Amino acid sequence: MRPSGRRVDQMRTVRITRNYTKHAEGSVLVEFGDTKVICTASVTRGVPRFLKGQGQGWVTAEYGMLPRATSTRNDREAARGKQGGRTLEIQRLIGRALRAAVDMKKLGENTINIDCDVIQADGGTRTASITGACVALVDALNFIRQDKSFGVKHDPLKQMVAAVSVGIYKDKAVLDLDYDEDSAAETDMNVIMTSNGGFVEVQGTAEGESYSRAQLNEMLELAEQGIKELCTLQRAALAG
Amino acid sequence: MRPSGRRVDQMRTVRITRNYTKHAEGSVLVEFGDTKVICTASVTRGVPRFLKGQGQGWVTAEYGMLPRATSTRNDREAARGKQGGRTLEIQRLIGRALRAAVDMKKLGENTINIDCDVIQADGGTRTASITGACVALVDALNFIRQDKSFGVKHDPLKQMVAAVSVGIYKDKAVLDLDYDEDSAAETDMNVIMTSNGGFVEVQGTAEGESYSRAQLNEMLELAEQGIKELCTLQRAALAG
Amino acid sequence: MRPSGRRVDQMRTVRITRNYTKHAEGSVLVEFGDTKVICTASVTRGVPRFLKGQGQGWVTAEYGMLPRATSTRNDREAARGKQGGRTLEIQRLIGRALRAAVDMKKLGENTINIDCDVIQADGGTRTASITGACVALVDALNFIRQDKSFGVKHDPLKQMVAAVSVGIYKDKAVLDLDYDEDSAAETDMNVIMTSNGGFVEVQGTAEGESYSRAQLNEMLELAEQGIKELCTLQRAALAG
Amino acid sequence: MRPSGRRVDQMRTVRITRNYTKHAEGSVLVEFGDTKVICTASVTRGVPRFLKGQGQGWVTAEYGMLPRATSTRNDREAARGKQGGRTLEIQRLIGRALRAAVDMKKLGENTINIDCDVIQADGGTRTASITGACVALVDALNFIRQDKSFGVKHDPLKQMVAAVSVGIYKDKAVLDLDYDEDSAAETDMNVIMTSNGGFVEVQGTAEGESYSRAQLNEMLELAEQGIKELCTLQRAALAG
Amino acid sequence: MRPSGRRVDQMRTVRITRNYTKHAEGSVLVEFGDTKVICTASVTRGVPRFLKGQGQGWVTAEYGMLPRATSTRNDREAARGKQGGRTLEIQRLIGRALRAAVDMKKLGENTINIDCDVIQADGGTRTASITGACVALVDALNFIRQDKSFGVKHDPLKQMVAAVSVGIYKDKAVLDLDYDEDSAAETDMNVIMTSNGGFVEVQGTAEGESYSRAQLNEMLELAEQGIKELCTLQRAALAG
Amino acid sequence: MRPSGRRVDQMRTVRITRNYTKHAEGSVLVEFGDTKVICTASVTRGVPRFLKGQGQGWVTAEYGMLPRATSTRNDREAARGKQGGRTLEIQRLIGRALRAAVDMKKLGENTINIDCDVIQADGGTRTASITGACVALVDALNFIRQDKSFGVKHDPLKQMVAAVSVGIYKDKAVLDLDYDEDSAAETDMNVIMTSNGGFVEVQGTAEGESYSRAQLNEMLELAEQGIKELCTLQRAALAG
């Protein structure tokens, strides 16, 4: 039934490659099938002005897409002179998700900037970004812990977070939509969870018809299962 | 337990005043307690370029806050030279919600611009906006139907939509958070539903700790109840 | 002769409602007939950088219009990414007018931000804004005087200011033009005066034919009379 | 009494040099003492969109200052990314003034862009700009009349306009303020008149104390006299 | 003598990988040592307005760097709201260089957008971009030729172009500077040549002391040699 | 052969007028034939943030063109809201060139802002700007040396810089191209040199066909000769 031939509860092949570029403290290439995102975590001493002097750190995220990451070329946001509403919405989502992974007090007055740049898009770029960025974040936190001058004594990592999309496609709940499914889905839902099974964010939008409580439940179950798989892959990448 | 003394399942007093300003085809003042939003619906002939020639209409929304709608003054977005990420996110949400209420084919090549301007904020401005704007939208649709030159023969209204916030406050699920609760809540969830009981959008964000599936269910039940009350008030306002 | 049936020297009904919204230190709804403006005065400690350390305060103003305050919808300035020339011109005028009411030395290093937001426009929005904002300003000054921590010992209010438009309409000088008159007037003049009868600003523009010295004098006489009435209404509102 | 030693009713030396640069259809260097402005008038076929098909022309103006036209350097507006409020206000004033000189119907669907660029500032840049630009405008109108392809049969010039500043300086009304006077004046008034003696615009602002009706009259009389002198100089330049 | 241990006339290892991403008509990853750039060529029917109706095509380029492509994070240009001067300068250079490779008449009214996005920077990003983008351009031109609907009958490719940097480092002319050399070089020169040995662009800048004619000649000779090697690699990649 | 009748190695008449405007510390009108540029040098105490505390000065440049400096009017960059790529490229070039003339250590923590504003353009505006600005720079340096409060003891001027354009026009190398030649040239090269005969910058761009090494040499020889003449004129102006 699915264009890709996958089962309704089958994720695409997910790959997490650490140390993808050489400068960043954390650098991950994450692939959900043909969706490919470079996630870097950059460490800076100090915090933004609104947090100064409170003895806590900050994690924030930005998101971008190369102009030809998609099947037709999109205008470059830097050239248009502003980030679009979709971009701002996604980067705010990524930032909130990753802050759920970190104990800001333990991080001390240090900042981690996450950059998620999509080099090839095929649906699910925001969920792939969160899943990959969390691994880059862990590498950056380890970098901070090893350099004593940051003054971080206890691991600021509270738990991993991962994200997956689910949706109603041809009246069925399906897991991890690719672009073909996403553009035809009746409902699209992004779910972010912790490695402990708690919900960080649920965003479910009816594109056409509204969805029922029963459909909502079906989607949540697929998401819970998918995120468990992602957490396993994150752990494997960090162990590797 | 709640700062306002309300029961966990008790909404604030909601008022919907039609014909609030004189120029717009639909103009509503909506009040959820001390949250006050002017919602106008403006009718224009024609559609944006990306829809031209497809025989369908368009509904879009913008959102703003007066600088001193809040307890401390916020910079005016027009003076800062751009709308913030929060504003863009909210107006995209309002637009999607209202499009779920309208059959675009029946609307023909006409556009309705919704403006939601918060003149006083006390939590829940986006859900109040959607609830009030849907009433303004109905007035605008009726305006279009009465003026034969728009060429609209069948009522484009599919169903009403309304929205309410729920959350986890001091470990309890509560309905319709005011600012005091909102700023202290562990989880904040906005729910948009149709008058038929279908979900249009669910957005639930853990601000501190993640939330469980059981808590998610509790919040959804409160939301379903609150939205039923709002739909009754919308119908009364339109009948009035 | 006038579309509204008013005499040439007759103002529209003017209403000044204090405490219109709850957060601002001064908050006024001013109505000149169907023109309705929310004027708030917001108090902040400190002054802009160019005044630091000079022991004096600052009063500044911003102006906006809801997109559908007018008979056809105007683009939202925040969405267009800048304030238009007309907006900047009006808010500079309001700021200058209100600074004429205040002794900056007595205000100390405190700032008052005035926001004038037009929720319904029918001509004369800038003169209504000034007249209403001056009342909000007095409330803000009283707030500052009552809170000893601002260190203001003597009333910074020098005098009230009020403003009215006059013009040449169908060859006659008329007072307080509404939109129908304004859009057809040969000359449009805005006059701002103090409660002591001094001129703060006179701006008279020929839209079509130029005007004579005699016409200028006629307009000024109407303005002087109108402003006297406005000052009486301001006093009554502040006493109320 | 005046820093320059001038009588209260004495203008600075005014020079109007035509054909100052070679590309523009009208190009004037205007000098009011040390204030020097290059005024060009550029002719284009067609009109802005809002006037299309109405068989009339358009005149519009832009104003700028070289960064070091003043005693301390101002940021370049092009580098800051926007024109300031003062600039917008001045160029709107110049545009309105020059449109009063032209019969738009006779101009046909042609546009004249006026550029006033201050290369050295010493007070009165906006009044010098208007006075010089009107001469450049006449040259551009003559260019249009001589090239039959513009289809302009009757002279679109209705009358010349000129402008001068007056003010209250050390309690006396004075004519044509230079920078030293302008920065210390209690009241500053710009007056624009036609060569027939009609008023196009009067803008009088109290910088410190308000001004009386008697002072207003004194200033207007000085302005009327100064503008007569300027009209004589404009005629001489055009005859030369 | 060189930090990398290379001879003065030795280039870094250069790799050109075609079909790097799947959506673009031409997509190349080019590597000059640790400098890695994704170059895509996107085909669109039609040309920009200034070329319409002239029966010729257009090639244009944009350039960007991921925020953490460098050793410290740079602000994202899309977030800052504009492309910096360096970026604009580089993308203008790339566009000019690639237009030298194409016969615009033969291309017909079609446009090719080149995007060069640096994912890892180690000196020479602009010369790597040009060298890689020319290969992506050839793939896009072949795409156009194979799809008859573009109406391109004759190969629009006139010749290949390639680019390399040379400089004066520790008083010696060196080829293909990496970041360590670039940041310490006295002179930095970028040379763009055709595969026929003609110069397309030479840009040589003294960072510290000026350079002599003899040094200029030495640098040019190294550049000519390096570009010959690059042309061989381009040919091999296109044959592969 | 040249449209102007000049020999291939003949420059236009060059004039350098010092003290052109009265406010700036250095102010020069430079004319290369009909190309006329006002170059001012403005002195400020202190340096930009990135240089603070390093005991050295800074020289930076901005470039602009009056909208009607050219044969057809260009949009005003301040009105469009940003400086174009060509403008940024030119002002970066001017800044680099002038910094080559100054010993930043000797300048101390002082900044010189160069403004080059083209009031009439006829080709070669960037080379005229550099040549004239260097004279204004010397006047500003002398101003700084004479005012002891700047603390500059030794002349910060290392050497003069001057610039000229050369090109291949109708297959011949020519010196100092005017607009007619520039717009038809096959190759356009800007050369900046010190008064000691060293190269500061060489930028040679093939507009049509690529150029050979022999042509490059011919152009460089013409440039060396032209710059010698310009240095003589600069010295004469400074002596005058």
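Each chain carries a letter (A, B, C, D, E and F) given by its place in the written order, and its residues are counted from 1.
The rule is short, and it goes like this: a contact is a pair of C-beta atoms (placed from the backbone, for glycine too) under 8 Å apart; a residue touches a chain by one contact, two chains touch by 3 or more.
For clarity, every value in this text was computed on a predicted model and none was experimentally measured.
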item	value
Per Cα centroids, the chain farthest from subunit D	A
Option in A-E, C-D or D-F whose residue-number contact pairs overlap A-B by over half	C-D
CA centroid of subunit A to CA centroid of subunit F, Å	50
For subunit E paired with subunit F, centre-to-centre distance based on mean C-alpha positions, whole Å	28
Multi-chain contact residues (two or more partners), subunit B	81-82
Chain order, ring traversed from subunit E with subunit F following	E, F, D, C, B, A
Subunit D - residues contacting subunit F, complex	21-24, 27, 34, 36, 38, 40, 42, 44, 62, 64, 66-71, 73, 76-79, 81-83, 87, 113, 115, 117, 119-120
List of subunit F residues in touch with subunit E within their complex	82, 85-86, 88-89, 91-92, 96, 100, 189, 193-194, 196, 198-206, 209-213, 216, 220
